[in-house]
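Order as written gives the chain letters A, B, C and D; numbering starts at 1 within each chain.
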């Protein structure tokens, strides 16, 4: 049976729903509003059980999920939310063995999720221009034991990426419409492109800029997550929700035939809708 | 540079947005409404380019993403949508090396996504009671080259799962509230539980049934995906969207201390909201 | 030109977005965090202009809209939001001259909107069991000058409504499924029924209870309102939104023919969707 | 008891959910896919009952609600949906006695709802440039008996509205950002302005154009309506929904003080959220 190991990341949850993400270093402890938790009491024990603080308060000890990690990472920048990260993983076909490029690194939330899934059989390359941001992201990745799965690069992608055959590339920068040519050059044929921006103006500029670039199958989407109060007899959504995290834009790197009618591949989004079972291929 | 290999899965996209998912067997071809595509013309060539049918029509050839595969799989059952699959991957912490159990297999859409990410370093075990459904799922997984990453089991989980130390377990069955004890037994401490149901009545029953079971950190959520028409000068959502795919319920397997106040860990959903940066742990 | 009259309701808005809803009584004044506003400075002046507090701070003076009034009413109960009130007005066909019955009165938010539109040519009858609540609602309606448009009744509708020929009836009570027979008796043939409940469990019970009652054309709907940050160069939704105000259920009072197939008129909701222009009638 | 009168509008609903909106002229009849309905069989009878076609099929006869009328009007233009109409009524404070101006008339859907509520004690003035569109709208209003409540004007509002003291003004034109100065001139101080546009680009232009105009309290919002399948034991949203009808922009006509800081009143939208009970005014 899997037990908590020295050096494992642990998520402690108090009865009043406070959460603490820490690494279980032997001999160390966590100081909380409900008393001190000794890691030596946790190491070697099962996950999913209560451990007591020195004041006798129970804390649930859990191994954090990818969603927990993405949400709880130390950050100075806007987080990419788990709902968006999961969808990016699906749309960019992130899987063990692929080469995925990202700019910018930011606090490393997406980097972490990519590294977790790509693992050591593939490559995650992450560009950033701000040294202090790269430092924070590296520390965050170290904390979860994934720093050595990522190639951190301190470089402005305005002058281009070093890679030319990436399977996937994600732009998380203030104005991604400026880096589409660079992104195209970094991607292999058919490579998956994605970006996330907060405003509609950026999407408008992205769609305009994409017209001159070797991309097709363009999709713009947004995901809304609604949580429910988990009371069986009075089931209803929570009172408030996050209204907006960002607009997602996805595309594929393509080489257009000269005879291609302009725009004909520009967008499949509102034609090919999910759930159209008529799309099932024939062999 | 990555090129299309014999046996690779390919997605052909016509200018009128028809999509065809096929395996590139040497010597074979695909017959479409726009003429025949010879696979020998594709094998060895780059992805993301146009290939011509024998009638001269261009088709874009792409390597399908995980989202494409999940959506385009041959199915006789309701699909799990890529937006939900991605979020499940985040919340169940699916990654290379983990052991994940699923019931039922259905057409294998989620199985495929799980197998793609878990890879050969972990285990995907999938239960199904209907032989013909298991057969279809196995064929779907074979088509994408992932059948040997999955242990298919023909067994009713009413009598329990064979596993006792799974990292994650997902129920995609008509009435998941009936199998919570079995799910708990199959999961290790802290293991991640998930299920997807179409109706609120099922969520009501699930929340009721969870009260007597060793689960905590219960969350009920739904994801709404809204696509936009990708026209730079007239950006707006598409006219129609999928209103509902299902309600997601997530939980962690926990051992409650006897002194635990009833219900105190029952739900963290509306307390610990994404984006609360105050949650960042301290070490 | 319309100017502020003695006794008019006024909405004062400070530069820091504080809003104050008051009645302009001659000789009186409003004390705010930015100084005192003398009503004599406002009476006789135009709406939509700045008036200065005695500290020199500008306040915008506006005549409140129905949405403002519904939102800003003094209340001890959950408000019905303007988005829902507006839709109720459309679905219950509220217009001058109709007879509309409501239970319970609550703080009078919906009562106010109904009275505003029905006016003195029709009737608004509002039932409540709690005297203090009726008192609050009456004061709220008096403040906006509409108290004499409403017949307030202190009575439990369990024993039935006094009316038998109402055009519309709305239930805003804890468990509306208990009062469907009473509602049906109060409505004329074809009369419009509506209710708003926070939980799915209540909708489940309502749908069950409706089966034995003379109602048809049943619809269950929810409205989500998403606001945008009004910055031209960075247009995007606000960060957070109200996730849920309630589920709306609408129906029409009908007399079923004995030969009617059971359930055949139970619901038109997912068949007859708004925007189906094929529905346009022929004369 | 209210019964169907000669000349009343009636909505016939078949068991297979077809709807027919007609006027009950004595001696006439309606021909449907399920046989002929004689109006003389309906006139004098109650609403909400079944009437038989000459083939013996039952049709439910209802007096149409405002929502029915808005949805079922004959149209050659995009409809404004009941959810949006209802919210417009709340935000523009439409009520008996007010003066409301609208451009353009279109098929008259919004005109109809405004006329229904304003009644004969106020004024509804509707501008249109296309004679055939005005003709259609007039016929639609005649059908529901409200044509004499509306002043139809055939005039381009580019050169200005005739009114100068309107309580409310709504623009339903292709590019409302071009008519803001004209709208401001038509409104009294504090008057309510609204418009509905399908694209984000139009909202971006509107927000830009509003900066130079005497408007404040600007809000941009969208309403999403989700319907549920009305089955008690399997309650769930319908499979598909309308994803987008349009973005609503509301504002108030204001006179800014010269000392006003630029933009300080530009938007209250994300500051003053519905439900903030702290806003309740003091007298």
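One rule holds in what follows: contacts are C-beta pairs under 8 Å (C-beta built on N, C-alpha and C of every residue); 3 or more make two chains touch, one makes a residue touch a chain.
What you see is a predicted model; the values in this text were computed from it and never measured.
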item: Interface sides of chain A and chain C: same vs different residues, half threshold; value: same
item: Selected interface, A-B versus A-D, where C-beta contact pairs are more numerous; value: A-B
item: Distance from chain B to chain A - Cα centre to Cα centre, in angstrom; value: 17
item: Between chain A and chain D, centroid-to-centroid distance (C-alpha), Å; value: 43
item: Contacts with two or more other chains, residues of chain C listed in rising order; value: 200-201, 203-204, 226-227, 233, 235, 238-239, 242
item: Chain B-facing residues of chain C, complex; value: 200-201, 203-204
item: Sites on chain D touched by chain C in the complex; value: 1-2, 11-13, 15, 17-23, 30-31, 46-50, 58, 60-67, 70-75, 79, 81-83, 85-97, 113, 116-117, 119, 121, 143, 165, 167, 188-192, 200, 203-205, 207-208, 211, 216-233, 235, 238-239, 242, 247, 252-257, 259-261, 264-275, 277, 279-283
item: Partner chain B, residues of chain D touching it in the complex; value: 198-201, 226-227, 233-244
